[in-house]
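Have a look at these structures, which come just after this line.
Both complexes below contain subunit A, partnered by subunit B and then by subunit C.
Presenting the complex of A and B:
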């Protein structure tokens, strides 16, 4: 016990998380005392947005200063201080800021209680950031659970809506199961290696003979299973369509990008840092999972009549594309997967944000036919939706095309040409159902019962997402350089 | 000697766990669960983890089970309500579980792997440091594991607020 419990510089590397924790407490306590007025919902949203932006400043300026000063880890090796963690933290915060824009008016229209909603959003962000930055199994698990618990409540947030409650309960039970598998896998890994530190695990695995230990192999298999659960990869995806379609739409938007990206951040760090010596085993497993995820996700999406379910299955398929980068197992592969998640964040938030616009007789509606004749109502909305759908389908010149280009390239470069072929076939299948929605928007007759409910914050969210989706090609080089510098630690 | 104690306790843990799942009466299930939890506490004592053993009995056998019993009594499960043990999916479930068990069995016993992994790093660390088990654990929590310890406090807050929000009729 010769070293100090912790130094002040440790707290500095945690500035983003601490800012969010303060914000969560402020929102919660203020919510307890605020009179229940009509406009309080947007006030809470504004305060939350302020804290998210402050945390963003901490991540973008505070942490790089520490990295420049030579700090690589904090809290006795529990937390890694690196560009990789900052990249994902920034991605979660951007996703949260855009989701808050989509939530502003939605909560008021649904007559839902705002303070707890933003409280759970902030705490789930803390969990995600810990997931992306933890360099120790214990911190990783606590971050994962913090994220998961907050998200379970958010999915079941609309207590009057039976679908939301059902989705929350299903997500809770299956999420609890996968966390159980995860912690069991970690205990087996600990039993063999005797350490919870990711780098120490890799050192221990480098000892000849260790990687053949049957207990360790069982641990690794269970670990991959639980990680596949968390990123909603086939055959462990069954919770995703229910959770995403039942959740309040701004929450579907938030978790389908941020929670998924957090699970990927955790997966990449765990597999590459701790299980690098066993790469041959897990790339083989994940290659199969990737093929199954892309194919099943896209085929299931074709048959959906509900837009939220369709996008839920499409988000399953997108996890499969991002997995290709992980399977490649190279530095280029990680960069490609990270760029894919970056692109996916904006195009998916845009597409889900469009669903928030639609209401039938005051209730949220999400059937494909509700999009009928959108072009005759609002040219802007129709144009935006087309941009997002083309990007999700991977059609140039959108950012989604670039994302696919990089992951396919990474797979081919690593000798997984067949995986890239499967990916390309899947992209073709996905274009079918994305364009089906476009057809309904342009050709079908307008349904007069459906109204478009716009609000300034939602418009800003949609405009920003559309701008990045479309201008991603121009900005690709600086983006890619940034991502590359973030992927360097591996 | 220790190995016989282990087998005896492990037999109690497993048999009461099986009885807990198969028992048709909810209250009986919970009583079997208590037995299983207490026996797991015994396993921890064998591993010289006295603090964890105490927590296991206080929190799990004590607090959690009382909570379970309270819920069963509050939701008014009458004597006549019997939980069905076998439902329609038992056959596929049994087949899949059997396949999984066989696979794990082959992996663990089929290979000539070393079952007794090197324990030098884990258990002996807690024993070697002077002062008891509890003191060492406390020191670890407030030094090396300070970050997860603090994040766990946020986790508990989330669990508490979440439970209150979801269970209250009007917020």
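Presenting the complex of A and C:
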């Protein structure tokens, strides 16, 4: 491996990331010279969107061409070149594109400086894509930190808003702690196996007796702990409600979907490829985490009066559902988790996007009561929100139902019938707070203070999310085939 | 009978809802009313055409549509009907029309939304009866909940929020557990046959190990028992009924409750026969508790509508008792009682609604002497009440009688206790009738009441006519449901019909499986297949 020279074709496998990096530089340099103020946010948003779409083209067309040419890894085994990586890369890029749609007007309204915002969004994207593709502990950690550091800044981006800065700081401290645990766990694994390559780790674990090594077991436990931190699973979820509710809403939208999916992408590859031989230990551990996550997330969400906090806890619960697929430890389970994250991306972006609509004199209107009587102000908005909420609750005919079908199925197939029952009961609990919002929107009287602040890009974001959420089941076949082929490498 | 017609019958209301939502402004209230009524009435008329060319002697599905939908997980769009589905579809389209008509003046706010929900609900309910794919079935099953929630939550009574969310959560909790049961069967089927399929008929042919049957039955049972609702899962029902607007109650009692019993008959019995036998005694006891408890509580009600609601609990107890007698007479009685209950209880809810619209109270004590003031109303109410209590000559008698025979054949003790339910039924309904209809006209308010107008009569008369017709000529209906019922009993108790002169028909086979065999023989079959087409052309010339 060491002898392999650096090849130009390695760069080709990075075309998506490189495009984003160029975009980040362009935005930053242009931002330094462009006059500030005057509501220039939408220009930067437009440019960023272009680069994101170009990167998307690179991922969708470039990587499959490489796979077809027989390339399986790049940079001496640091990065994998496979459908799994491109599936997640595409998912992050879609989430970013939709988040940019929600940010177009938001930054100007908040009177925030746009260039750095988009710069960090692009760098976090690069980090996420590397997390999804890393085949080596070193590149994995680099991707993770690139993503995390960018996101810390984004969460605390509104420097005049106390909630935002507080959230950024909290997220930074707890995220830093979990990164510390993560790299400590990696060092323990390296101590036992003597390698950082994921496949090589699996090979050395397959040697009889290795898996009983207490250092390795400690390493695995710490690894699961830090991964649980990253996906915001109970009991390591405490940062999530604060970070999501304090962050600028489009950023909550972005990280509650993309960062979570990136953490899952990393978790699945790490556990299945490197720690496949120890599956029995980590599935048992994660089964408990999954139950705790969905149950606690849902119960905590029931009591919230703030919509952003409610959705923050709801997204904790959704991590629990997606974990069911990982717990299954099967190919079906991976497919289930991946499809669940796919479905979750659109329905959750839609729901958070709706919150972006609500503003009052520089204040985000995020109390449940701010949604009162929405049906009388905008039938479209209310209908859209109902679609997202039903989907989050797993009610057909929305895509969330198909997601639940998959994760419950994965649990049952792997013999975790009880986990599926817990998931089912949780789905019923979650409906309680989703319906609460529906009730307020459709039955309560209008609270006239609140105006809807819409813009074309935000409407496009909402319309696209609603379309996928509503029609995702009817037109599911191509998506499912994509997910299935992407889950194949394991 | 063409598949296109069946699809049209099911989806016309949803298309209508979409059209109303997009084409009409909120303020064009009368046009919306007309449009909704016309669409649902047209749907009813269309559904009558399903009878034309329907083969009543077969158990095979008719009007079948089978399309690949999500092949990766074996889901297909697979719809069709047999006799039982047909009967329930006709009931649904009729009650939908009546419910729509009864809302004309009752609903005064947010007209457009109201009719949109009502029509989506209609498609959801019809879809359940035609879906023969688990995935599709579950989709329709859950879609119903959302519009029903809105109907109660927006246009309901004082305590409507509580009632609506209780309905939603109860039903959903049951449904998701059913989903787990479905998935368990789905993976079992894959492990045995190596095929991913959600085709319900494929599961009819499986022999599932007892312990899996037991667990899957439990999941299905919770979903269906909550929907029926069986005691002790019934507590959502009185709340929902009392708070719901009249049309909501009509649909709820008439069709939604039937979903549960339909599920037992269509899914639990044929797919999980062994577990059905195991669970039967427990279900019989729950049914009898429901019959007696529902009757006794109905007797004590001061509110007219909750009296009818509790009578529903009692009557649905008869149906579940009939189903789990697990013999042809009991099951036939149960299926026909599903229709009867739909007719008579919906009628009773209409009656309550008409009175509530006039008096804005449902307190039984507030009424007396209505018979003198409103003779037409009194007559129609009498017919509905008598039909509900099972007077011979009216529909309710047929169903209850068959169910009692069926349960007697199984275990006379159950019959003994169930009979008291009929006595109670007569008691609470006659006493109700006596209190509100007879006696002196108490006050000017009652004296000033108008008798029913033409529209209101039109909502009740079809039900009254049906009650009489099904009471006098039940054979027309019995004939429709007999083949599927016999097939199911043969599946649950193989050899039940040995020694009798009935040859039980097979359970429906998967349409298309036959076709696949045909295509292999294609070269031979082709000339034969062309033959029938040429025959009619030849014959007239010879004649």
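Assume the second predicted complex is superposed on the first by the 482 of 490 C-alpha atoms of A that agree within 3 Å, B and C clash if a C-alpha of one lies under 4 Å from a C-alpha of the other, contacts with A are read in each partner's own complex, and residues count from 1 in each chain.
The rule is short, and it goes like this: contacts are C-beta pairs under 8 Å (C-beta built on N, C-alpha and C of every residue); 3 or more make two chains touch, one makes a residue touch a chain.
Note that the structure is predicted; figures quoted are calculated from it, not measured.
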Partner chain in contact with A:143 - subunit B first, subunit C second, else both or neither: first
Which of subunit B and subunit C A:443 touches, first, second, both or neither: second
Comparing the two partners subunit B and subunit C, which touches a greater set of residues in subunit A: B
First, second, both or neither for A:276, with subunit B first and subunit C second: neither
Touching partner for A:62 - first (subunit B), second (subunit C), both, neither: neither
Touching partner for A:417 - first (subunit B), second (subunit C), both, neither: second
First, second, both or neither for A:390, with subunit B first and subunit C second: second
First, second, both or neither for A:428, with subunit B first and subunit C second: second
Contact residues of subunit A, present in both the subunit B and the subunit C interface: none
Subunit B contact footprint on subunit A (complex, rising order): 1, 3, 5-6, 14, 21, 24, 28, 74-79, 113, 116, 119-120, 123, 126-127, 130, 136, 138-139, 141-143, 145-146, 149-150, 152-153, 156, 159, 168, 190-195, 212-215, 217-218
Residues on subunit A engaged by subunit C in the complex (per definition of touch): 375, 386, 390, 394-397, 401, 404-405, 408-409, 412-413, 417, 420-421, 424-425, 427-428, 431-432, 435, 438-439, 442-443, 473, 476-477, 480-481, 484
Interface residues, subunit B side, partner subunit A - complex: 104, 107-108, 110-111, 113-115, 117-122, 139, 142-148, 151-152, 154-155, 157-159, 161-162, 165-166, 171
Contacting residues of subunit C [partner subunit A, same complex]: 69-73, 113, 135, 138-139, 142-143, 145-146, 149-150, 153-154, 161, 165, 168-169, 172-173, 176-177, 179-180, 183-184, 186-187, 215
